[in-house]
Every structure is written in structure tokens, then in C-alpha cells.
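So that we are looking at the same thing, I have put the structure below in C-alpha cells.
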Amino acid sequence: MSESPFRGVIPPVVIPLTAKKSLDLDAFHRSVNRMIDAGVDGLFFLGSSGEVAFLTDAQRYHVLQEAVAVVNGRVPVMAGIIDMETMRVVDQAKRAASFGVDALVATAPFYALGGPKEVERHFRAIREYTDLPLFAYDLPCCVHTKLAPEMLMRLGKDGVIQGVKDSSGDDVNFRWLVIENEEAGHPMQLLTGHEVVVDGALLGGADGSVPGLANVDPYSYVEMWKASQAGDWNRVRELQDHLAKLMFVTRGVRATVGFGAGVGAFKTALWQMGVFNTNEMREPVQRLVGEDVENIVAVLKKQGMMDPDAPVRQ
Amino acid sequence: MSESPFRGVIPPVVIPLTAKKSLDLDAFHRSVNRMIDAGVDGLFFLGSSGEVAFLTDAQRYHVLQEAVAVVNGRVPVMAGIIDMETMRVVDQAKRAASFGVDALVATAPFYALGGPKEVERHFRAIREYTDLPLFAYDLPCCVHTKLAPEMLMRLGKDGVIQGVKDSSGDDVNFRWLVIENEEAGHPMQLLTGHEVVVDGALLGGADGSVPGLANVDPYSYVEMWKASQAGDWNRVRELQDHLAKLMFVTRGVRATVGFGAGVGAFKTALWQMGVFNTNEMREPVQRLVGEDVENIVAVLKKQGMMDPDAPVRQ
Amino acid sequence: MSESPFRGVIPPVVIPLTAKKSLDLDAFHRSVNRMIDAGVDGLFFLGSSGEVAFLTDAQRYHVLQEAVAVVNGRVPVMAGIIDMETMRVVDQAKRAASFGVDALVATAPFYALGGPKEVERHFRAIREYTDLPLFAYDLPCCVHTKLAPEMLMRLGKDGVIQGVKDSSGDDVNFRWLVIENEEAGHPMQLLTGHEVVVDGALLGGADGSVPGLANVDPYSYVEMWKASQAGDWNRVRELQDHLAKLMFVTRGVRATVGFGAGVGAFKTALWQMGVFNTNEMREPVQRLVGEDVENIVAVLKKQGMMDPDAPVRQ
Amino acid sequence: MSESPFRGVIPPVVIPLTAKKSLDLDAFHRSVNRMIDAGVDGLFFLGSSGEVAFLTDAQRYHVLQEAVAVVNGRVPVMAGIIDMETMRVVDQAKRAASFGVDALVATAPFYALGGPKEVERHFRAIREYTDLPLFAYDLPCCVHTKLAPEMLMRLGKDGVIQGVKDSSGDDVNFRWLVIENEEAGHPMQLLTGHEVVVDGALLGGADGSVPGLANVDPYSYVEMWKASQAGDWNRVRELQDHLAKLMFVTRGVRATVGFGAGVGAFKTALWQMGVFNTNEMREPVQRLVGEDVENIVAVLKKQGMMDPDAPVRQ
């Protein structure tokens, strides 16, 4: 098994806002500390769950500055450098690096249409501008390109990328990537982003997970990771079943779809649990209200994440 | 755990052809008997791997007639009733039933554009015309509709369908379906069609698998199922790793994509292993030749499925 | 300009049903005769609008038999031979030919995944089994494959296909196809299926149209075609504007989407106008009712297709 | 017809680079002046063709500064404010406005998943931060959301947007939008981005076009616009036929697909015609070379855009 520090449980950090939609430092510190105290192995800022698409550059760097300060070296910090095409991403990389993060995470280029040649050149060009560990973020739902395992293996063997965050939902290709990475001497850390089926990914040999739901329940993800390392697969399954049921917070949302339902539900859960002070969202997304909030509270109570008698926050 | 006979390993049967592209009964019997002798729990005819899209109706019923005869009650027989819209499917259902099959498998309607109302009505209408167990085949890559778990649960609870063959690649929704099916008293048998990640599905509670690759290596799938029932997850993982590597027969194909590469590789493997007499395909698909065949043989030898010194069949 | 009979206005015939969902011969004759009397240049049976996906084989051949009888040589009859893969389509071709139709219309293969090699081979294989004129039906919304203009030109030059019915919505490639077809000596008849923008297609050199909406208003399509032949483009535009507004019958539908909204609206319009006796649809689609019907009547009245004082049929 | 200045021919300006991939001011001035001298009605900077996805913010504002200076009020200047989600777009809007542009062009939000509520709120939120005319850019190929005509009409009537640049390829919905816009008193300028079928759009009532190909041949687009205003549709068709054939510069490209083939071909054509000094592209896209260049030159010569005896630039 690899000596890389980028393994285990590395939550993509959800960002709390004040009622006026600015960064809520009080809740931010509370949530980050809660995850570190629970034993997570790293933290990923400015990912999709971390509102990277919604933040101006100034807001992005505010998050990174506060993140590095509050984490203070306790765990490695990964930073998303998400932008449309290569030189914009390089621009983000240079600025993120200046805040002292430990690794960078980049998607395939998006917006302009391209083909596989451009995708591979994109990662190689980024590498020419940074010495930090670089993770490829496989996220076809957002960037509309699936990263081919063959290309990832080439990039890994050539030292262009040091790992993959796989949120593609393509478990077959992920399994093949794990196998080929192992046969090549493990040049990459392979992390799954699918919080509901982490157990299968770990059984199949993944190096860890990047579960958005770990903002809500970091304890169970940490325990699941430890159980998997100990080979206690029945316990892994039990914990995953609990977490899959906890993920129902996102399923009952009626007001909207996508980010507003998913991260909107996480924020609402953290608000109801007292970790966040609000469930505010950034434009153009609106915060969840009414029945959507009540349904989330019902799931939290059923899964033991809230006192059964606690009232619903308004 | 359910008492249903539709559990464990139920391969979708790949169809051998003679050099003149007619059903090769000799090879068909050999392959079916080989899988039954290996201990499979059922067989699924006229699925996607079983060339259902390529067969005229007369050819479909020829397959079913021979299938029921050769299986001869040793394991349950499932039959695909794949067609464009409801009454064409009902037509297929009536005729399939007349051959004495044990269960029917239907996809969402395809070709004409519709919405969720039409999909649900489709399955309910089929149920009005048959008493046989009915499985919903979730196959968005072919029919361009994902079956919603909420709808499947309604159909399961109402006795419309008795199970799901999930080839959607959406493991998150499959996991949720498993959880909700369990909470509802297990009205459905939930089978995964993803041969490369069966281990994770079994850890998550699937009732079995429908792996096309089991035509090539039924033994390992049967052993994996038994190991999972015994809770020996390390053995499950070892077998799945072998099978994931064996699936590389489909990955190196250069001549074409899709069915011609996937089922084309299975046929070529079975031909090279001496189970099939040819690797012929039906129009408009062409059989694999040359380097594609050599690459498949190399994978088979690496995974111990062929004598390392055996020559490549021409 | 070509001497081919397959030019001008060739409506895809919508099928009237009785209240018990069987073919309504009375209304069928009335509607077909109405279109021929209006001056259409041909009729296309068993297209998407003609319920081909929903009809059992027996029902399909019932339609063809009645169609050939009622048309009785007054205009050419085209017949859809829509099925999943090559030999099933060939089966449909042989049977359709036996009813005396004048041309066949086939889509790319669907359901099984394939690539461009299989698509081209598909049309060439069909040609080996029939001497009738063959039209390629470009319908990516239903078959999920766009027919490449380069391939269509090869098939046209080789005498494999005699025309294209383009319902792809890709007007850029249609324009290029028109240009290349002209440069090659016009081997193919190029017909557009997009009833709302026929004017632009005719200005660009299309040989005709296959507009579903011509079931509702054949007169305006015939007049538009004649105006385009006379170079009276302002009149062409006026007629197209009327027809684009008439197409709003499909836009206000709330109960469902796709075929049920589109052909459902055409049937409802024909029913309200007294051409059809019902607006029944085939399983799993349900007929439009209530407000959807009222909205359609409002459009018909606004566009002068119904007496403003006529009551809404129930 | 509207009094708005945003009508007629408004090319999206393609950006020339030096051999070192920096903005080539010499060629930039030459190309912009050439289009203005040809009689275009406006210019659109920082669109998809204008490399907006590939430019860092500093590079974007360099382009705008030079654009406003060289245009110097001769025609209106539109500026793309393309970014991922609302507040990033607002940031771009504020900065673009500071350079003195005359109108802003924004797409639907992209990257984060959302629904129709978020899309509508996005445009309304942008309006709260700017007084400039705002155009909605309908570009589903890049942002994976189609702008619904009903929503566009609401935004137009409410004064949120002043026009639409339609590059959706959905001519049916564009036609309906034209009709409804007219019925509402023409609150929006409706421009088509499909350079190959501008004739049909103009016949149908579009207010103008935004054709990338007008960088190569602005004269024909200007003449086509004038002919359409004069009702000379046969001349319109002739010019469009020429332009459709000229667009074949993009069709023969073998080295890549998408932006690199499309804008890559435009740059190569402008280079060969002596307007640009190179055909350099920005990372990760590579410039066209070899046979691709020769094919483009052949098209240019065939369409009379280059001296038949001119050598191919290397």
C-alpha cells in the first residue's frame, strides 16, 4: 500500500454562509475542526461541493486562506483549481499554490468542445506550471468528458498526475484503473467520490474516498475506512448501509434538483444539527425551506444524527 | 433472504453460430451444459448478450424452443421479451410463455419518446397479459431511459414485477433500491448485470448477478457467489479481480465498438477455448479477426483460461 | 430537378382508432382521402407518427393492406420498416413489399450499441434483400444515431438508398447534404421532416417535406410547396408562419411529453375538426383530456381551422 | 422592425495570435477593420469563437481594451461575460462594462448541476448588477442547457434581457421564439449563430446573425443581409450556398474535433488569406498543420477567396 498522505477519508468541505451569504467563519472553523477531530485523513477545499463554481476568485482565495489557517497542518489540504480551459486553470493553480495548499485538483477542460488529444495535453500543460501533487478529477456530470483509464495510466506513469478523484459513477472503469495502477507499481492514489458505495470501492482496492456526506457524518466514514483496513467487511457494510440511508437527506428534496438539492441538503442537515448557523446558498441557488427541511430532519433523526425530540430550526 | 429461485448466478446466454450464421446447436448444448455443470442458478435467454435485437421472431423462438429442451428443468429459464412498445412486448410475452419459460424480462419502452407515466403504465400493462414472474431490465445504454427506484418499488410492492436486472451502471440507485426493497419485505429479486463489480453489489446486498462474462468463466462466478454467502469477502475479492482482468478480452478490441466488441469478444473467447465452433456474428456486426483475436487469446492465457502453448484458432 | 415521384409534400399518416383502440377504417379513409384531395404528392405509412413502434406485426400489416387499398395508386405509398437490427428490418421489408408499397423507409439500427461501420453495413445489407426504392430515415431522437452526410452520400452514389427523410434537426448537415447531392447529380431525394421550418429547407434546396402536421392542414403545405416552386418566397413565409402557429397545438400539452404530446395533439386536433372519431392512443400512451384538449381547440380556432363557435367535443 | 442597433451582421471576432501565442495586435486591427469596412453592423468579442474559454482574465480584458479602441465607436461592441455561475458572471460583467462595451452576452450557468429555476434566476440576478443591454446566449453544446423559449419570453417582456444569440441548432424553437417575440411587440433582438442556415432564419424573421464564418468572408454575409431586407430571396440563397460551401473549411479537418477544428479552420483560412500572420491556437488546442491546411486552402480557392495560383503558407 502506498505511503502517500492522500488516502483514507478526505471530505470535500461544504462552505457555511451567514444570513447575508458571506463566509461564516465561526461555522467554518466548527465544521472543519469537527471533521479533523473525527479522524479524517485530509480535507478538499474548492471542490464541487465546496461551491467552487459559485465563488468569485476573491471568494475562492478567501476560502483557501482561512482553510490553510484553520487546518494548520493537522491534515493535508487539497484545493480545487476548477476553470474552463488550460491557462485559466494554470492561473488558478498558481494562486492556490501561493496559499500553501498541499495538492491541486483539476478537471478535464470544459465549455469549449474538444477531443481526447486536448484533454491529455491539458493535464500535461498544467504540470509544466506547478510542482505540487496534481489529482485528476473525473466528473463527467459537470464537465461532460469521461477521463479514459488508458490516458490516466499514461499520465500517472509519466508523473503528470499523482492521483484521481473519481466521481464518474463508472465503477467498471474505476475497477480496471485500480488493477492497472497496482500492476504499474501504484503511481496514483485512487479515491472514489461516491459516498453511497464506498464499501465496494474499498473492497475493490480504492485508496480512499472523498465523500461529501462526510461533512454530515465524518465519524462513520472514518470508522468504515478503519474497518476496511482491518478486513472487517461485515462492519464496513453496516456502516455503509447507515450512510446510504443518511444520504436519503438528498433524495426527498422537491424544490429543486442537482447542486441545490444535494449540497442544499447537506447544508440543511448541518444547520439542523447545529454545526452550521444557516443553510444559505449562493446565487442562483436558493436555500431549502418548509417541507424539504422537515424531510431532512426526519432522516437525520431516523439515522440517529439528531435528538428525536429536537425541534425543527426555522 | 428470499426463497425465490431467481438468485445467485444467472448468465445471459451468448448464442453460437455456424459459419453460415445459423444457430449452432452442437455448441449451444455444449455451452449451456458447461454452465449448468459449473453450478449456475439459472439461465437468461434472449437478453442483449443473447442477440435478441438481431434475431427475427422466428429465430427468437427457435432459440427458446431449444433452450427449454436442453435445460430440461435443471435450472430456471428466463426469457427476454424485448421490443419497442407495449403491445409488441405483450406479443413477445405470449409467445415466449408458450415455450414453457419460467420468467420474463422486459425493458422500458424505446424508440418512441415518452415520459415516466408511460414507462410505469408499460410494465403494468404487460402484467395484465401474463402470470409469469416479470423482471424489469434497467438498461439505459440501450433504451435511453433509467428506471427510477421509486417506480420500481411501487411496481414491486404491487406485484407487477418480481425483480430487476440492473445494467444501468448506477450503483448508487441500486444500493438504495436494495435498502428499500429490504425494508418493504423483499418483494423483488435484485440482480446486477455488471460483471466487473459484482463483489461490491453482493457486499451491498444484491440477490445475484447476470454476468455475460459467466459464459466464458462460469466457475469463478459460482465460487464468488458461494464465498459471498459464506461471508468470505477476501475470497470474493480475489475472484472478482480475476474476472475483472478476464473482462479485458473486451477492452483491447480495435475493429469496432459496442456489441461487436463486447459480445464479439465473448464469442471469440469461447471459440478459442473450444466451447464454440466459430465466432460468427449476425448482421450488421462482423466477427473479430486478426490482432483482435490474438489480444483476446493473450488475455485468456494470462488468466489461466487456455493452455499457454495452445495455438490461435484461425 | 429530379424526375423522382418522391418529392413535394408526403405526410406521415396519423392513424385513427376507435374507442376500443382498433383501427378506425371510416376515419382512416376520410383522413387519407382528405390529404390526397388537398394535393399531397405521396403518403408515408408506418412512420413514427404512424404508430409504428406501438403496433404488433399483425396490426402493421393491417394498416399497410388498408393503406394500399384506399390510396389505390393515386399517389406513391412509402412504408416504414422500422425494427431493431438488420435482419428484423429485412423481415419487415419483405412483408411490406408483399403489400405493394412503392418505397421503403428504414432507420439506423437501434437498441444494440454499435458504431459507424455497423450503420453503413446495415443499409447495404437491407439493399441486398429488396429492389424497392429505399429511404434512410435520420431520426437521432428515436434511434440515438445521427446519419453522417458522408455516409449518406456514399450510399446514394452506390444506389443503396434513393433518398433521405431528415428528422435530425441538424439543418447544417442537411444543407451540406443538399449541396453535395446536387454536385453528385442528385442521386437522392432529400426530404425534411421538420414541419415548422420547411420554408428554410425549401429555400435551401430540399426536394420536399414529410410533415406530421400536414395531417391537420394538408392544404397549406401543398400551397407552400407550390409557392416555393414558383419562387414566391413571401407567400412561402406566410404559410409557414401560419403552420408554425398551428403547431402550437403540441406546445401547450401538460399531461405528458414526447409522442403522447405530439401525435396526441394531432389526433386531438383531427378529432375536434371532425376528421377522426376519437383521439385514442395506443398503450402505454393515454389520450389527451380536459384542459389539454381545450388548449388545442383554442389554437385551431385562432388559426382558422375550426368554426370559432364550435363546441369542444368530449 | 426594431430600432435596436443590435441587428444585421454581428460577427463573433476570432483572435489572431503571434507565434508566441500572445495577442497579435497588427492582425487584430487588420481583421477588425476589414469586417467594419465590409459593412458589418456590430462586433461580438469574447464569444466562443473569440477564445473566451481559453483566456485568463487578464487576457480577456486586454482583448476588450484593444477592441473598444480599434472599433472606436464605428459599430456597437458586444462582450461575452462567460463564466461558470452567477456571481462569477457578474464579476465579468462589471469588469467588461468598465471598458466601455455596448452590450453583454451571458450563457446559462454551467458546471454545477441545476434546473430551470436556477437558470431563470441567474439571468435575473445578472440584471440586478448592470444597466447594459444583456443578451442570452443559447449554447447547449457548451453549457448543456437549452434555454426554454417560454423563459426567454418572460425575461424579454420583463426587460431582463434585450436579445438572444441562438446557437442551439433548434430551429423549431427559434421560429416559435420569433413568432412570440413579434406578438409581444418585439422586446428582444433575435440573432442566429448558425452561419450555414442564416437564409432560413432571415426568411423566418430573425433580426440578424452572429456568424463565425463572417471573419473569413464578411462581404457575403453583409450582402445576404441586405438582399434579405430587399426581399431578394434568390440572391439570399445564392450567397448562403456560397457560404455553406465556404464552411467546408471546417469539415475536412482530420487532426482534431470541436473548437480546434472549427475555429482552427477559421484561423488557418485567415492566415492563408493574409489577414492573420499565424494560425496559432491556445493551450490545450494545437494549430492545424499539413494536409488539414492544404484542404482548407483548396476550399478557399474553390470558393474564390484566394488566388488559384497562390502557394500554401507554411
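Just so it is clear, A, B, C and D label the chains in written order, and each chain counts residues from 1 on its own.
In this text, a contact is a pair of C-beta atoms (placed from the backbone, for glycine too) under 8 Å apart; a residue touches a chain by one contact, two chains touch by 3 or more.
Keep in mind the model is a prediction, meaning the values are calculated, not measured.
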Worksheet item: Can we say the copies chain A and chain D touch using the same residue numbers, with more than half in common, or are the two sides different?
Response: same
Item to complete: Fit chain B onto chain D over the CA trace and report the rotation angle, somewhere between 0 and 180 degrees, nearest 5.
Response: 180
Worksheet item: Cα centroid separation between chain B and chain D, in whole Å?
Response: 49
Item to complete: Find the geometric centre of each of chain B and chain C from their Cα atoms only, then give the gap between the two centres in Å, rounded to an integer.
Response: 36
Practice prompt. Please give the residue numbers of chain C that touch chain B in the complex, ascending.
Written response: 48, 53-57, 59, 82-88, 91, 109-115, 117-119, 121-122, 125, 141-144, 256-260, 282-286
Worksheet entry | Contacting residues of chain B [partner chain A, same complex] | 169-172, 175-176, 179, 194, 196-197, 199-201, 203-205, 231, 233-234, 236-237, 240-241, 244-245, 247-248, 251
